[in-house]
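Data first, discussion second: the structure below is written as structure tokens.
Lettered A, B, C and D in written order, each chain numbered from 1.
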Amino acid sequence: MKKTQVDNCEDVLLSMRLIAENLKEVVDRLDKKSIKIMIQKILNSKRIFLMGAGRSGLVAKAFAMRLMHLGFSVYVIGETTTPAVQPEDVVIAISGSGETHSIADLGKIVKDIGSTLITVTSKKESTLGRISDIAVILPSKTKNDLDAGGYLERNMRGDYKNVPPLGTSFEITSLIFLDSIIAQLITLTGASEAELKSRHTNIE
Amino acid sequence: MKKTQVDNCEDVLLSMRLIAENLKEVVDRLDKKSIKIMIQKILNSKRIFLMGAGRSGLVAKAFAMRLMHLGFSVYVIGETTTPAVQPEDVVIAISGSGETHSIADLGKIVKDIGSTLITVTSKKESTLGRISDIAVILPSKTKNDLDAGGYLERNMRGDYKNVPPLGTSFEITSLIFLDSIIAQLITLTGASEAELKSRHTNIE
Amino acid sequence: MKKTQVDNCEDVLLSMRLIAENLKEVVDRLDKKSIKIMIQKILNSKRIFLMGAGRSGLVAKAFAMRLMHLGFSVYVIGETTTPAVQPEDVVIAISGSGETHSIADLGKIVKDIGSTLITVTSKKESTLGRISDIAVILPSKTKNDLDAGGYLERNMRGDYKNVPPLGTSFEITSLIFLDSIIAQLITLTGASEAELKSRHTNIE
Amino acid sequence: MKKTQVDNCEDVLLSMRLIAENLKEVVDRLDKKSIKIMIQKILNSKRIFLMGAGRSGLVAKAFAMRLMHLGFSVYVIGETTTPAVQPEDVVIAISGSGETHSIADLGKIVKDIGSTLITVTSKKESTLGRISDIAVILPSKTKNDLDAGGYLERNMRGDYKNVPPLGTSFEITSLIFLDSIIAQLITLTGASEAELKSRHTNIE
């Protein structure tokens, strides 16, 4: 790829603006009831477990880290010292398609245990969407939408040019959605930013 | 925290809208020259290494995953099969403050090896900002800005209420910025979404 | 647990000696043919993928790291920049019981893709043992042998006292077995220790 | 490497036997006093943090997982939901050379915080060995002993042939040592194998 000369970065700026636009459209389409129940379940939980694969797994970890800063007992499925899930625990799955093989499998185990399963996804009619106690739907294009396209993006521009590929739209939206859940949890718990910082790892 | 009753989710929606607004302001303040050089260095690289701590480390991994989907030889510092860095390699550090202890230390080693160091940060005048070959500045509040506050957010509302805490603003902005770099790399390399998907892990 | 007074460390020393004895017994029971084929498959491979869950996953990573030091193209399933598995790739699964849910599932996908699947396990008659192209059997107690007990340990002492719990015996044996595969690969490839060290990560 | 024909696996078997021999020699050279203090500190701890880089980091994680199964509050430095270290915490570092850059740096921070630092290493006279409250010495060759060689191995055979490379000897010895610490902790706490299994992750 060595001979390509980079003359401008217009696509970068345009993509960022499209993402900001997309985000505002998503906000208008959110179902408030499922979000309220999700926040209530988090507040009432004894322990919270996060899971996700690939980039959705990274979003799950980013949310878990902030919940820890807020003082919740929180674990990421697959990490070293994560204990067994118990019936009274809340498990939150992040999956754009709601069909990610390993996560859907784990979701079924979670329901067999009897724990509460919350899924953040863009597909209500998906394996994870159907088996979850609560599914929060973030309307987004996912990596399985090669043909159909995310309707939001399609409405916006009529094509995909300058829109980040695969499930990017869902991953960005879910990160921002979950960070905004944190903003409301801060209001509800009255946590100060100094308190959060005191729990932030001090050896990194 | 069990007795709190969640009556609404207005903070979630407001925070998401503020993040979208903030993002648009950031786009207007970006330095195009450093972005163009960053893209050129990525295109000319033989191998790319990503590094970051905490949530910035998650952003680094999200970018690395997409570069792999695009066909680049890319590694994350600290993962199992990441090889030794060579002088002809490009190392990209993600650090909001530019001062994260372990990453700044590794940045010095990278410069001793003689590799190219690119830092994505919100602080030009930081340890990493100073020693990097290229520093791309994303104006954002970071976790060390407890007192001063991010000027963007302050301009916008005069206070912090409803804005996600610590370095959230930088982490979201850097994820979206890097995903938009991917959008431009797709244009420049002519990669199709189907090609990207063919490299996406098929056993997750 | 605060009041326990530690007067001696005899259990530590005894356990270490039992593990050393156990290891020698295991060596006498190994099937040389499957080991030879495993080494041949590794030498002939274009790319190698490792997978395992929990402590077996850590053993998988330890082996992957040394294969990288030896110059092989090697990836760990689940890490950030691990690409899609292709039919010509070799996938090595580490599972004491051969029944670990997620790994057995991934093993089936690996066989559907048409790649070569090698399993290191203590149970030939297990899901992974049955579907693998090669199964190298390391006779050991696993975490599912609460009642039956590892016959090696039982032969040796008649009970479990001082023997590390759950699948520890398999995990130790598999780490040592795989490090000894590395020893033979060094002989076969003529790699020097200095060459290995040159590939060892230089920024940790 | 495609043309090499694998005719035997004698090096594998020989290496495994050498490792078993080596292990027995190490046991005879252990300092019982430091081991007793280490066990006492673990029993008295409120929370335990593990850290290590590369393969020593994998050993640290394997130990952390078993401590969790035993019911201890235990964290791995660098994982997602690991909280800030407090003065009353115990931090255990695993480092063959005692000089691993990042871990020695973190060790200094741990001592600045005022926490208890335990190092498992093969070098008493190393950075980590010197600053630790307790250093448990496991006599082994490490990855920095290219010239001098591990005296145990040298005494045993006069050369390195068939001995796994770099720090392998330390990594194996430290895994077995720490699993044997677990064996003694089981005796001291009276934990049953069924209790351990009940804490083992149930969604993997």
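Following the convention adopted for this analysis, a contact is a pair of C-beta atoms (placed from the backbone, for glycine too) under 8 Å apart; a residue touches a chain by one contact, two chains touch by 3 or more.
This is a predicted model, so every value here is computed, not measured.
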Task = Compare the contact pairs of A-C with each of B-C, B-D or A-B and report the one sharing over half of them by residue number.
result = B-D
Higher-contact pair (C-beta pairs counted), C-D versus B-D = C-D
Inquiry  = From the mean C-alpha coordinate of chain C to that of chain D, what's the distance rounded to whole Å?
reply    = 18
Key: Distance between the centres, which are taken as Cα means, of chain D and chain B, whole angstrom   = 34
Key: Residues of chain B engaged with two or more neighbouring chains   = 61, 65, 78, 101-102, 106, 109, 200-201, 204
Key: Contact set on chain C toward chain B in their complex   = 51, 61, 64-65, 67-68, 74-85, 106, 109-110, 113, 198-204
Query = Inside the complex, what are the residues of chain D that reach chain C?
reply = 1-2, 4-13, 15-17, 19-21, 23-24, 26-27, 30, 32, 35-37, 39-40, 43-44, 53-55, 58-59, 61-62, 65-66, 69, 100-102, 143, 146, 160-166, 168, 171-172, 175-177, 179-184, 186-189, 193-194, 196-197, 200-201, 204
Contact footprint of chain D on chain B as seen in their complex = 78, 101-102, 105-106, 109
